[in-house]
């Protein structure tokens, strides 16, 4: 997944470089802020980066004679926090790129965005989301990290495929199934490893793990998580799933007409639906599931799906709030 | 344990070695950017770029075979692009070995292969002519945040220590019969990695103690700053426009 | 600090780890300026913990007074490299800069000296450990013995009054061990050497403090104590076969 020079276009590299630089800047700022009380962070971030680098050298088989390797972004985030994990991944990528010619210098911003920001910070957000489903304590910690690890690997590789497609290097219908497909399997390894790593650390050095995660399975006597949080988590989980489906899978939806359309064509009454078939509704925001200005069909559909999903969730949320407003809250 | 260091030749003597690290970094990065933005069909430009690298390598006394061998490690990535060739759809086709392939796709593949190779080679030349600590000082001079530079230095320092520990742990597992055959065995790798993390954490604690005992308060004190010579300025003033000129003119 | 004054004074020091294991129990010790003391004992006796407490990295209960400025219970003073220098067992923990020169310069630079002074100190410290000219070498390319000596140089560059070393001869071959012994013999300040290697300890130290299970079990001239083989065996201190060498015979 370490993209070399020349695979991603200059403009995309420029955009991702800006985004990555901004995120790294924020992360460094928050480290510097806490330096007085936490000077230990400096050697810790460095040894953790060295650790991730070394850990990435260990391969595991994924079948078919191929092997995958550990990414480590979510594991680092689970142990150190999202911004620190972003710095760690950046350090790893800079060293790999500069000193081992693994990953192009011009593609550095893209690689950092995929693995550090999307993998590390994005993965951490997913972990927080899943965590609210689960009771506090070690099982919740380990499980949420494992799931988030799988998601991070799939998301990072999908982003990579998207960047390749937008650069015209590899058509999306090849790149995305290839990348996301293989990484869906590699992600299982990532999840298993993350679970094993966090459990090992929790046993050997519980003081490293965040406090809420130290409660061992045998000691779980707390009441279940407040119901409201679970509902929110469910909503968040549903939203994320819907978004993933809308963005990544809808471009592959069959363009063949669905049942009704097909019958309408066969029976020749489709013309009755609208005079101009390509703009069925004059005020349609996303005619035929596309965003006008984006030429690339797949991205157009995906973007339409993304925005549409957000609108639906937003509208649904507003509606529920309205319905649920109690008389005494007026 | 023996490691193949990319700065293996950085202690040689040559005019290139003597240049300021900042000048070399600026030259290398500009080169990569120009190469990446060059359309693949400008073959002449690519030949000239390659020529530049050969000339720099010769000036710096770096063995050509070494650079070629290490740069070639990026080529397998182009295979991924090659997979997509038949699917570039539409447009004119070329016959190769009885297969009808999209012409546009072939150009994309050629471009990716050339650019990644040249970029890697340039980087190898940069690292082969610059001491690691000079490079870091150069980056600091180019206004990369000092905090990040300190982190890079420390990470690099402990990289090989960690790699050695990893290899030792792996060897121990193999010696106890670990033969990875299917995915769920990843858990074993996971335990290994877990143990590796605890070790790296404890290493950080001891290093922190050593740093505190020598007066560390949060920032590593910097060495004397680099001095930019006229030669360095001239090199950049000549090299960068030249490369851009090649990009624009060589069609 | 003049010779004869107490350089280190410890009274009733206790230290326990997070999980409750007591590393130091009611530990007391007095060391005069200029003395060379060997601290020996079986594994787990608390020797390394003692050094970390003296250095100020760990805080136990009880009284510790180190150097001209003392630390008290409250640990108000941060570790002061000009007073107490500690050489760790693993030199990789102490050499964290890209080059040898930067590592040795680290301490003096943090003491806010001028760059000229720093370079002078670096040159002197490296010469004192027999590695003059190593400034631009990089840490991970060195042999174990060289790393050990550079670590000592890095601590010496801070010009401490007291130097403590944790297993200085561990995993060194004969030649490197001999070099380290030479360096220690030349150091004129107060010396604390934690080691299992009594053969070399005899060459450097006058006094032996034996520790077991967190407290002092014996304290006296090193040659006398080493002759008491029953005592050595009781506290798990090995010496190999044959009679221990006496100081002066090499």
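Residue numbering begins at 1 within each chain, and the chains themselves are lettered A, B and C in the order written.
Definition applied: a residue touches a chain if its C-beta (ideal position, glycine included) is under 8 Å from a C-beta of that chain, and two chains touch if they have at least 3 such contacts.
This is a predicted model, so every value here is computed, not measured.
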item: Two chains sharing the most contacts, counting C-beta pairs only; value: A-B
item: Chain with minimal offset from the mean of all protein Cα atoms; value: B
item: Approximate Å spacing (C-alpha centroids) for the pair subunit A, subunit C; value: 51
item: Gap in Å, rounded to a whole number, between the CA centres of subunit C and subunit B; value: 42
item: Cα-centroid distance, subunit A relative to subunit B, in whole angstrom; value: 27
item: Per-residue overlap in subunit C, given as positions that touch at least 2 other chains; value: 96
item: Subunit A residues counted as touching two or more neighbouring chains; value: 43
item: For subunit B, residues contacting two or more additional chains; value: 132, 154, 156-158, 161, 203, 207, 211-212, 216-217, 220
item: Touch list for subunit B against partner subunit C, complex; value: 131-133, 136, 153-154, 156-158, 160-161, 203, 206-207, 209-217, 220-221, 223-224
item: Subunit B partner contacts - residues on subunit C that touch it in the complex; value: 52, 55, 57, 78-79, 81, 84-86, 88, 90, 92-99, 102, 105-107, 109-111, 115, 136, 138-140, 154-155, 158
item: Subunit B-facing residues of subunit A, complex; value: 3-7, 10, 13, 24-25, 28, 31-32, 35-36, 39-40, 42-51, 53-55, 57-63, 67, 70, 79, 87, 91-92, 94-95, 97-102, 104-106, 168-171, 173-175, 178, 185, 188-189, 192-201, 204-205, 208
item: Partner subunit A, residues of subunit B touching it in the complex; value: 6-7, 28-29, 32-33, 35-37, 70-71, 73-74, 77, 80-81, 83-84, 87-89, 108, 111-116, 118-120, 123-124, 127, 132, 135, 145, 147-148, 150-152, 154-159, 161-163, 165-166, 170, 180-198, 200-205, 207-208, 211-212, 216-220
